[in-house]
Structure formats: structure tokens, C-alpha cells
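The two complexes that follow have subunit A in common; it is paired with subunit B in the first and with subunit C in the second.
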Partner chain A sequence: MQTFIQLGATTLQIGAVYVLFSLGLTLIFGVMRIVNFVHGHIFAVAALVVAYLLPILVGGGLAAPAAYVVASACGIAVSLALGAIIYLFGFRYFQRDLVGSFILSIGLVLLLDGVLLHVFGGAVRGVPEIFPGSVNIAGAQITVQRLFLCGVAFLMAGILYWTLGHTKLGRALRAVAYDHEAAMMMGVPYARIAFFGFLIASLLAAIAGALIAPVSIVSPVIGTDYLIKGFIAVIIGGLGSVPGAILGSLFVALVETLGGYYFDSSYAAIAIFALVIVVLLFRPKGMMGRA
Partner chain B sequence: MLKSTSTISWLVFAGAALLLSLLLQDLYLRSVLNLIAISALLAVSLRFVMLMGELNFAIAAFVGIGAYAAGYMSTAMEVPFWLAILIAGIGTGIVSAAFGAVTLRAKGPYFLLIGFAFTEAIRVAYSKVPALGGTSGMVGIFPPIAMDPWMPFFVMATVIVLLLIFFILERSDFGRVLFAIREKEEVARSVGINTFIYKIATIAFACFAAGIAGGLHAFVNNVISPGDFSYLMAAFALAYVKVGGEDHFFGPILGAIFLVSLSAYSLGFGGDEHFIYGGAIVLVVLLLPKGAVGAIANMRPKKAHVKGGGHAALEQ
Partner chain C sequence: MTIFNKCATSAAAILVASFAAAPMVQAEEVIKLGLSTPLSGAAAIWGKGAEFMCETAAEEIREAGGVSVQGETYFFECLSYDNKYNAAEGTKVAQALFNREGVKFIGGSLGTAPVRALQSLAERQGALVFTTAWGASLKGPEHPTTFTQMNTPGEILPELIGYIVEQHPGAESVAMLNPNDATGQETEEIAATVWGEQDVEIVASDYYERGTTEFQPIAARLASFDPDIIDLGATPPADAGAIFKELDVIGWDGVKVVEVGTGADGLKATGGDAAEGVYMGAGVTFNADTATEHQIKVNERAKEAIGESLNAVQIGFYDSLFALKAAMEAADSVDPQAVAEAMPDVTFKTFYGSDIGFYGEERYGRVQQMRLPIIVTQVQNGELVEVGRLTP
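Let's look at the complex of A and B:
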């Protein structure tokens, strides 16, 4: 029983970041029909900026939590600026063009790989502990940092869910995802809504990056791993589906946790792929996908 | 089947390429030429699947399967090297047909992303098999010593034969069915074409070529490791297709020649491969959406469309 609670807690911790990450992917796909491989780099930039600034700020005499908040704000701002530039000068011209936008995103991935390696160097960075200590919940040991991560991630997912359901912007996003031409005829400003959708998705990725920095080792290639898992999560859940992304992320995290506990963690990558194939055999559009 | 002008241009280009592969003596230049030939084959294979409207991102995994199969047969079973490459290609084609039979039920973004996931899963799988050398990979994959001076010629000749088959397939009825599948699969089905079989055959042949490319890669490099076959290999192949121009058969080949030469040249100055490829893709996608071949074709005065409107309708 103890083991199950601990495994469940681990699943939620890993899954929390996947949820944030894949919500962005599914939002961008839903609104713009774009497969955005740059998402991993927007995530990585935020994590890298936090890992870069934090030791400097702490060294300058700031308390660790305050330094973390400042560094995170900077990281998220840099990532959002990057997202805005990428949208305005690139993806804006490739909406609903699956192949074209994908090729552009691959080009940007390679380009940013080169840039990040230049700016931050290839070395992995460790980030000092922000919130020390751990708590005991129903017999499972969870560090306070991880608990904080989970809390923020699920809070953000909740806010997004509420925004999509209850605000004017959310309704516009859903209308555009459902049928963008009909939405435009109803007076939804598609170009502006798509831009907002892209920024919200980038914001989610940036928050995920800032959250992961203190609990993981940060390197310029950190995004690729999350990109693979995030896309698998949205394939399982159904591209464009918000509940699908959440469900798929938790599913992937569960397989990874169980695989890592009972076998070797690298077998989890193969197990997850097998899972995708099984899902596709029965539901070619994912569990929550629309035909 | 081939028109006389294309026969002549094929003879000229193939002859020049083969002559170059025989004349080059510098070891570094020979390795660059091998890399260009293998890259061109991958790019054309990727474009062949694009003819039916799908992006085969699993191509990197199939190159890896071919390379590992050829390497294992050569080092552990002492199969003659040309036979090892051939069996590796055929084996890869069979595996890809099974892969296609499952994944081609999905389309577009799903197919693309499954290929991406497959590539990464297979890469983890190699590193788990001790017989394949684990994470550090396989070493000592050599062609016979007598073959060594002829290797660039052998690679080039193999690649040219496969390119010619791709070319003939594209110009044949098979190619027309692929165009039909891309434009409107339902219409192709409505006239009694079993599009699913065509799609699997397309993947199988494209990946047969990818497997051969992998076998050649193994014997040219002598060393292979799981890191060689990441999704970046597919991304690079996509760069060749896009920079050269995807509307024309020779586009990807030109793209491979240009980008591989450029990166080999700039590596001498400490240039970064990712940066060059990424920059080239972004610039071309934003500025020359039809690639280099498309840009050249645009500069020429437009000829009247005599050869029927069919082709014009296919260009979007």
C-alpha cells in the first residue's frame, strides 16, 4: 500500500510538468493546426535562464525563494518574447499548413539548438535547493519543492480549463479550434485569437521550464525529452483535446513511474511507444480525439 | 517510359558523379562525397513518401535498422559486405511494411509524430542490446580491403541505381496514384484503387532505400552508435528536400549537395552543423517557399502548359 501511494505521488509529480507542457502543444494544434516542435525550446529557454540567474542572484545576497521568483519572472519573460517573435515572423504565415509549419519548426529547432549551445554552453547546470525539506502525505515522502511544482502546475491547468470554459477569449479559442471559418464569420478575430493562443501555450511551457529548473539538471537539450513525452501524451489523448492532453500526460507519467520502479527507467521509453501503438490500433485519433 | 531529354540528363549527371567518385583521391573529400550520396538518397526517399502527403519521420529509425543489421551481419556472421547491405535493405523494407500497416491507419500529424516517437524508442532499444554494442555502438564494420579504393564508386553507383528506380516509379502509374492519394484519397478509393496497399508499398520501398543507405553508412563510417540515428537525421533530410525544392525530383539531390558541402566546408572554421541547417531551412521556408529549384524555375519565362493541365492542378 505504501508503495502504491509513493508511486502515485511520483506519477503526479512527473505528470504535473507533462500536463503543463502538453496543454500548450494541444492548444497550438487545436487553434492553428500546427505541430510545434519549438515548444521544447521555449520550455528550455525558461529553465536555462532560471538556472543561469539563480546562482548570480543568490550570490548577490537575495534570499533563495525571492531569487527564484525574480529568476522565474525573467525566464518566463524571455520565453514569451521568443514565442512572440517566432509567431510574428514565422508561424503567422503557416497557419493550417501542417507540412510547411512543421518544416519551419524543425528549422527553428536546429537554429535554436545552435544558439542555446553558444549562449549557455553544453554543460549541465544544477540549481540550488529553493524550498528545503520534505513532507509526509499518507505515508509518501514528497520534497517541498516537488509539492510546490505540482501545486503550481495543477493550478495553471485549472486556470486554463476555467479560462477556456468561462471567458470570452476561451470561447473564441474553442470556436476557432472547432471550425475557424465559421468562427470568423461570427466575428471572431482569428489572427488575434491565434496569437493569444500561441502566447498562452508558450506561457505554459515557460512556467513548466521555470518549475523544472530547481528539481532537475538543466541543459540546452532538456526540451527534446519533454517534447517526445508531451507529443506522445497528446497523441494518446487526441490532438487538440484539452482533457485528452491531461489524461495522456498522466498516463505517460504512470507508465514511466511503474517502468522506472519495476524495471530500468530507460525501458519506459519503449513501453510508452508500445502504449501509443496499442491506443492507435483501437482509436486512430486518440482517446478523446474528434473524427 | 523515360523521355529522351531526361535520359540524356540522367546519363550526364550519373556519368559525372561516377567519374568524380573514381577520380577523387583526397580521403576527406571522398568521405564528403559518400556523405552527399547517402544524404541525397535519404532526401529522395523522404520526398517519395511526401508525394502521398505524409511526412515519414521514422526514416531515421529505418536508416538505423539498416545500419545495425548490416553491421551485425558483417561483424558477427561474416556475411559478404554487399550481401549484408542488400539483406539489411530488404529486412528494413519488411519491418517498415509492418510499421506502416499499423501506423498508416492514422494520418498527417499522427503519422508524423508516431514516426518521431518510433525513432526515439528504437534508439533506446539499441542501447539496451549488448550484442549491438549498447550505448557506445558497434565498431569495426569494414568492407574487404581490396574494395577500399572502390568504395566511393560503389556507394555512388548503388545510390544512382536506387534514385533511378525512384524516378521511374514517380513517373509511372504508381506515382500518379500517390498524387491522387495526396489530393483526395476518397476519390482514388472510389475508382477501386486499394490506397492502403499503395501506401504500405510506398513506405516499404522508401524504407528499403533508407535501409540500404544505413548499410552504406555503416560500411563508410566503420563505426555506428545509437546517437547517429536520432530524429535529427530525419530533420536534416527534410532540410535537403526543402532547400532544394520539393516539387521537382532533383530538388532534394541539389539540396543535399549544397547543404552537405556547406556544412563540411564551414566545419573547417568551427561552424555548427545545427546552426547552418536550421538557418538554411528557416531562410528558405520564409523566402523561397519552393526551394532552390522552384526559384530557378520562376526566373525562366513561363512556357505555355502543353503537357495537359494535370500537373498544374497538383501544384498548390
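Let's look at the complex of A and C:
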């Protein structure tokens, strides 16, 4: 029983970041009908900025939690700026164009791979623990840092869910996702809504990056692994579905946790990809998708 | 004098000066040395340090007058490409180095999977290869132009594991973890044999994919076997630190080993205090009491350039240049085949301070392994401390 509780806690911890990451991916697809491979780099930029700035701020005399807040704010700002630039000068011209946006995002991925390597270097950056110590919850050991990460991730998921359901912006995003032409005819400013949707997705990726920095191995390639898992989660959950993205992320985390514990982490990776194949064969729209 | 005349006169003067200087320019021949190393990802620190050491050795050889072969003086130039520690990128790097850059000598290479790709192309092109890769399949009589520039599991593990067993006589079981690639698989095979010879039971031997970012399930699985020792084999520093950190959270408290462990900084970057007590097989210390002035000076420059102390992986990229110099001068040739034939018999001064040569006939069937000291280190109070040394 103890083992199951620990594995459950591990699933939630791993799944939390996947949730934030995949929410952004599914939002962009839902609103703009494009698959954004650059999402991983927006995530990576936030993590890298935090990893770069945090030691400098702490070395300058700032307390670790305050330094983390400042570094995270900077990381999120840089990621949002990058997201805005990519949208305004790129994706804006390829909305609802799967092939064009695919080619554009691959090109941007190659460009940003080189830029991030050049700016930040290839080596791993260590980020000191911000909230040290661990807690015991129902027999499962969880670090305070990871507990904070889970809390923020699920809070952001909740806020997004509430926003989509109860605000004008959220309703507009949903309307555009359902039928963008009908939405435009009803006076919804599609261009502006698409831009906001892209920014919200970038914000979610940036927050995920800032949260993951103290608990993961931060390097310019960190976005790639999460991108693959994020896409798998979105495909399993259903492209364009927010609840689907959450479910898919937790499912991927569960397979990774159980597979890694009972078999071998290499088999867990194979199992995740096998799962995608099965879902695509029998339910191409995903568990809760509409696309 | 018209402007046209002035220009014409200047151009003629420059042309004459060029011809006059040409003999001096032509006398400086450059031999390009290719490096195939990871410059991104968890093992990037090794690649960056390798690049630094190659350039340091090239500069020192230049200052000492270069390499003299048949009356000509040659200098080395290091060309580094990122192999990302995988075979696909290693293949691209090999093609870039041999086909585009035209190199005939590989000053150093890292990662069994990318080096296999490199070796295959190198042998077809008659190039000489130095490698730090741990795969035993890269060595032997079938690979006459490949030489190893650092100690590998065959040399390190008997010393490292023997020392650990001696220090921890109550430790009876070990759980092993390695990256799921050629390096990890070949390292695991040798480690399993050595642990078995020391009567330590292997309770688990797992693999993980390079690029993994979440190590909690892996750590939970390793801890579930309740081993006395956890041996992370060929796991690079960043990953190893992350794994030990997760083990620490779970509450596992046993003997920690990283066979390819190269330094405290890399482990501490992701592992924090969980790096304490880790035994390593490829670390090098530079204490003022035991290190030479040259070693301390270069190490200080390395810390400024790459952010951490030098280790055995990186030092290999320094030694290979001096080995090449010695072999080229002994063969009186820059032809890779002739240099490869001369290499087993040369001696040269290693970064470790002594004059060394090559050996390995008994273990690999061919003299191709640099005869380097085997150093066992441990992280004690956050610092790397040498606890054992054997000079073969």
C-alpha cells in the first residue's frame, strides 16, 4: 500500500509539469489549428533564464525565495516576449494551415536550438533548491519544492479552466475553437483572440519552465523531452481539449511511473509510444478530442 | 601622381611583399585534429573541457616549437563538433570531420555510440583515432588505428570496486544503472563481472534513456531492491546527481558509486548534498601538496573557462596531442598509418606528470591503451578527495 501511495505521489508530481506544458499545446491547436513545436523552446527559455539569474541574485545577497521570484518573473517575461515575436512574425500568417505551420515551427526549432546553445552554452546549469526539505503525506515522501510545483501547476490549470468557462476572453477562445467563422460573424475579433490564445499558451509553458528549473536538469535541450511527452499527452487526451490534456498528462505520468518502477525506464518509454499508436489506431480523436 | 597610379603602386608593393613572405607562411603547416564530443546535454561539460584541453596542448606544442617531421614544422589545430552523445549525430560529425574538413587525425572522441560511427568511417579513410569511449568493442586487433586516451572500465573497475569492497566489508548487494546505449551496455557487462568476482550480489541491473528528466521512478525502483550499494556506471554527472537526490528524498542511504564520475561540481549541480560520499573512478584532484605547478595553472584556467576542475576524460584530450607529436616524430611522418604503427612504442609526458607509453596486449590483444594512473576519488565534505591510486 505504501508503495502505491508513493507511486501515486510520483505520478502527480511528474504529471503536474506535463499538465502545464500540454495545456498550452492544446490551447494553441484548439484556437489556431496549428501544431507548435516551438512550445518546448518557450518552456526551455524560461527554465534557462531562471537557472542563469538565480545564482547571480543569490550571490548578490538576495534571499533564495525572493531571488527565485525575481528570476522566474524575468524568465516568464522573456518567454512571453519570444512567444509574441514568434506569433507576430510567424504563426500569424499560418493560422489554420497545418502544413505551413508545421514547416514554420520546425524551422524555428532548428533556429532556436542554435540560438539557445550559443547564448546559454550546452552545459547543464545547477539551480539551488528554493524550498528545502520534504514532507510526508499519507506515507509518501514529497519534497517541498515538488509540492510547490504541484500546487502551482494545478492552480494554473484550475484558473485556465475557470477562465475558459466564465470570462469573456474564455468564451471567445472556446467559440473560436468550435467554429472560427461563426465566431467572427458574431463579432469575435479572431486575430486578437488568436494572439491572446498564443500568449496564454506561452505563459503556461513559461510558468512550467520556471517551476521545473529547481528540480530538473536545465540545459538548452530540456524542452525536447517535455515536448515529446506533451504532444503524447495531448494526442492521447485529444487535440484541442483542455480536460483531455490534463487527463492525457496524468496518464503519461502514470505509465512513466509504473513502467519505470516495475520494469525499466527504457520499457516505460516504449510503453508510452505504444500507447500513442493504440490510441491513434482506435480513437484518432483522443479520449476527449474533437479534432 | 594620380590616384590610379598610387593604387597600382600600392598593389604591386603588396604583391611583392606577399611573395617575399610566402616561404615563411608556407613553412607553418597545420594539422587539423578532429574532436567528436558532446557539447550539449548532460555530458556537455566533458566536451567543453575536452575542447579546452586540446587547445591548451596545441598551444603548448606551438610554444615549444611544434612537431618536426622531415624538416617541416607542424602545428595542431583542434576542430570540435557536437556529437550529442548519440550515434546519429556521431555519424554526421564523422562525415563533417572527414569529408568536409579533411581531417586525418581524431584528437579525441567521446561516447561509444558516436565513436563506433566515427571509427567505421575513419578506418575506411585510413585515419587515426584517439578515443575516451568506454566500449571494449572499439579496441582490439581489428582496429589498428584506434588508441584509447583515458582509463576505461577494464582498467578502472578492478581498482575502484576492489577499494569499495575493502572499505565496506558489510556491503553485500549492488543495484546497477546505466544509460541505455553502447557505452552503458558495454560498461555494465564489465562491471557485472567485477562485482561478481568480489562476491557482491547484483540485485538489479537497469538502463535508462539519455535525455530523461524525471528520475523519481528510476530512483524508487533502485531503492526497492534495498541494495547496499548503488552503482550508476556510465551515467554522466548531471544525471547521476539527480538520481542520488531522488534516492536521498526516498530515504535510501547506502554506498554510492559512479564509475565514470569525474568531479564533485557536476554531481553537486543537480544532486546538492546528496553527492556527499560518492565514489568515482575518473575524477582527478589538484591539491597543492601533490599537484605540479603546471597542473594547478592549467586547472585554474580550466575552472575559469568551463566552470569546474579538470577530470580524466578531459585530460585525455591533452595527452593525445603529445602522443601524436611523439609518434609523428618517431615515424618521421604525418601519414596516419605510419603514425599508428609508431604509436605503441613511443613515450611522452602525460598531463599527470610522468612519462608514459601504451599497453593493453594482454587485455585487448593489441597495445593501444595509454598507461595512465588509476585514481579512486570520493566526495568528502563537498570536495573531491583522492583515496586510492594505482600506476599500472
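Everything below uses one rule, namely that the second predicted complex is superposed on the first by the 290 of 291 C-alpha atoms of A that agree within 3 Å, B and C clash if a C-alpha of one lies under 4 Å from a C-alpha of the other, contacts with A are read in each partner's own complex, and residues count from 1 in each chain.
Please note the rule applied: a contact is a pair of C-beta atoms (placed from the backbone, for glycine too) under 8 Å apart; a residue touches a chain by one contact, two chains touch by 3 or more.
As the structure is a computational prediction, the values presented were derived from the model and not from experiment.
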Which superposed partner A:239 touches (first subunit B, second subunit C, both, neither): first
Contacts of A:117 with subunit B and subunit C, given as first, second, both or neither: both
Which superposed partner A:79 touches (first subunit B, second subunit C, both, neither): neither
Which of subunit B and subunit C A:285 touches, first, second, both or neither: first
First (subunit B), second (subunit C), both or neither touched by A:7: second
Partner chain(s) touched by A:269 [first = subunit B, second = subunit C, both, neither]: both
Which superposed partner A:109 touches (first subunit B, second subunit C, both, neither): first
Which of subunit B and subunit C A:202 touches, first, second, both or neither: neither
First (subunit B), second (subunit C), both or neither touched by A:95: neither
Common ground on subunit A, meaning residues reached by subunit C in one complex and by subunit B in the other: 117, 264, 266, 269
List of subunit C residues in touch with subunit A within their complex: 38-42, 44-45, 47-48, 82, 180, 206-209, 211-214, 216-218, 220-221, 224, 237-239, 242, 249-251, 266, 268-270, 272, 306-307
In the complex with subunit C, residue positions of subunit A that touch it: 3, 6-7, 10, 13-14, 117, 121-126, 128-129, 134, 141-143, 212, 216-217, 219-222, 224-226, 256-262, 264-266, 268-269
Touch list for subunit A against partner subunit B, complex: 29, 35, 89-90, 93-94, 98-100, 102-104, 106-115, 117-118, 228, 231-232, 235, 239, 264, 266-267, 269-270, 272-273, 276-277, 280-281, 284-286
In the complex, subunit B residues that touch subunit A: 50, 55, 102-103, 105-110, 112-114, 116-118, 120-121, 124-125, 127-128, 232, 235, 238-239, 242, 272, 274-282, 285-286, 289
